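Chain lettering (A, B and C) follows the sequence in which the chains are written, and residue indices restart at 1 in each chain.
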């Protein structure tokens, strides 16, 4: 049950015709166009008022037994549908579900406008329908695009530019950065602080002024308490559509490609550059000044110390190709497996 | 020396009779009931105004030489007490010490009431003796139980429910969550933001609305800058008495058991479920959709990729039973140990 | 190009004579004393209005071809300078560059004074030229030295002492701590919260009051969203000149030496003590109650479970001397390398 205290529905029901338009799915039989559903649910919990989806064959048995009124499903799987369930055909059932879910439940609550208790410099340029919540501090020269939201107690330092339709949550810090359109930044994220740069001597360390910026392109999503340092002279860049999870560290001058996926607690050291569609698992670590080929997938807890030129799956610290790593794990286990007849192992 | 700038004593002295009541310890000789102590100290620093404790045999020599007026100790160890030290007998000396320490020094300062500079919706329901410090933003429909404290500049999003006797520190974010009684949440923790959920395609990623909540049960303790994402449809749950350290990540739909201990920088991926009394060492990582048996202990930096059905100690990435892992480490060392006579190793 | 929206120059140009004074470099020929430069740039991008530096031989070819008007360089390398570039001789070119860069671009913007929208107890003692930005909450008895800055929405708990020339960024939490002079604390850092200390029993856990402080000595630099817990009875201490990166965890009673370097996402468990000049790579983990010798270097992702008495480089989890670890990695790779003629590896 979705808790109405926390989630507002945008509409009470949608017809399958409307859902097909939203999701680019199609019905097998036009006569169902006016059937309506009122909500979403997983296969095993859905009822005749709800729509569900089958993406992973693992859930085929649940699909065969579902009580859902309608279900997103690939053409191939549709034959397994139970009698009371209308199939909406798509090559990407989970994507269709995501789009439909957004139609029922907008990702973000409606903005509440400019709070009297926000502190906004009169040199800022705010678009139409901007929200700035209580306690937010927006300094000189900041620009905020139409429909964007700045959450409570966030701090936007001077001359930061934020595009349209952005959601900056509460208690976020933005400085020395340009933020594109449709960017989401979760609570506690820190964007644009100086990176870890200093000259060392036995007598002491001297900070090198960090004179670059952070560029966050359109459709990027950044998680809670993540930190992205600004560049030293060049910029730190997070490219279009990339998703970054919680507690991630991007050092100065890091560049991601488009549509990368950076899972929680990953750390990427200064000046490393990712191609497009790179995925890093949780707690992965990348040394500095590396180039990682587009399409590379780095497993959780892995450590990358050299360039990766060949896309593929990598694991270990330092990383090996996934198959080699798994063989190494197996070899090691054999070496130390307890002998038969031995006790206390 | 405990710095009086930072720590207020709740009482100037306690009699050993009072201390035995607080700590469930007992005296060997009733005549000491009215002896008083004024403070606490470690064995090697305590004097005749102070009480100490012996939990670990490693400190036996310190115990034999202590100047403490009184000391919590097991029955077995009492015979080693020096002449000037009164033994308070208990099976759990450290627990007795903790309870006595709390009697001298409350865990939290007294609340200061509702600040004029807090921003509190008039639709909130506040219990008696609630504190909301300056700059805190408390939105519509929030409920806060008796004696609970909301620290400065924290943000409590709409309809969050907080129980009685909770301590929410400064600069915390709470959203989409229910918080039990006697819960402590340290500064900078983020509870209830949307998890890392989206449908992927080569053309772009689409967020899946995250429609669950976070449930924090009674007596839970959450560390600084820790992040706990809300569920996708089901709830993320932290069960009774669990302790979570700083900079920990719990993904959407994670569930802990009762009285788990999650050490700093641990990451637990989405939908993984811990039994009761599970301990994870620092920087441990758990993949998603796993079940971890009650009583399992996972060593620091270990990586868990499969279910753990058998309680015990585990180490490595991927984890092995602790003994097997240590044997593997030893075998590897032998293989690469420098040959005798070889230099420069 | 350095973005003037974000970076204010402190001066339009500097003469080489002034630069030599700032950087302790010297000219080969006094006649260049009045030559001026207007900015800084890397070797490959500098023009005749700019100064650059050559620290690493790797960039010798760039040096030979640079268009920079002047360049910091060691005496030995000066012979490779192109005709139009004036050499400023120094043993530490990067340090000289750092000092010059600071003369052009101050590390921090000028303070803006005490904001009307800050919340400052009237029992605080503020030095001259102190800045407290909007939304900051500064509680009873806090002391702030001359020229120090408290960023927007930060929270300074009671009786905290902050020295002179400190930069506390926005949304920082300081409690139970003494901060020296010239300390920089980045946005979202948490200093002085209670550590992870409790007595355990099967019936529940009881918090042990954390009665120590955090002492941050002069010239320390602390990164974004880093957490440093206060001591239990003794203090947690970060000694002079130490640099701590983002998302680092220091447990209660940790002590660093002077001039340590703690890279991002490192975790150091309670009561561990570092000597001077210790370096920990990203995501390194150190168990509790250890002593680490001065000059030790611990590689990224390494795990330290025992004392390190012998300075040197260490890697692995648990750590080995670097050379031994690399030999182990090589041995393992050989064991599992695909046999010739075998496919699908």
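As a working rule, contacts are C-beta pairs under 8 Å (C-beta built on N, C-alpha and C of every residue); 3 or more make two chains touch, one makes a residue touch a chain.
Every value quoted in this text rests on a predicted model; they were computed, and no experiment measured them.
The chains in contact with chain B and with chain C alike are A. With rounding to the nearest 5, the Cα superposition of chain A on chain B corresponds to a rotation angle of 120 degrees.
In a homomeric contact, the two copies may use the same or different surfaces; for chain A and chain C, under half of the interface residue numbers are shared, pointing to different surfaces.
A separation of 29 Å divides the Cα centre of chain A from that of chain C.
Chain C has residues 135, 153, 171, 188, 225, 247, 265, 283, 301, 317, 332 in contact with two or more other chains. By the touch rule above, chain C contacts chain B in their complex via residues 119, 135, 137, 139, 141, 153, 155, 157-159, 171, 173, 175-176, 188, 190, 193-194, 196, 198-202, 204-209, 211, 213, 225, 227, 229, 233, 247, 249, 251, 265, 267, 269, 283, 285, 287, 301, 303, 317-318, 320-321, 323-324, 327-328, 331-332. Partner chain C is touched in their complex by these residues of chain B: 2-3, 5-7, 41-42, 92, 94-95, 97-99, 101-102, 104-107, 109, 117, 133-135, 151-153, 169-171, 184, 186-188, 219, 221, 223-225, 241, 243, 245-247, 259, 261, 263-265, 277, 282-283, 300-301, 317, 329, 332-333, 335-338, 344-345.
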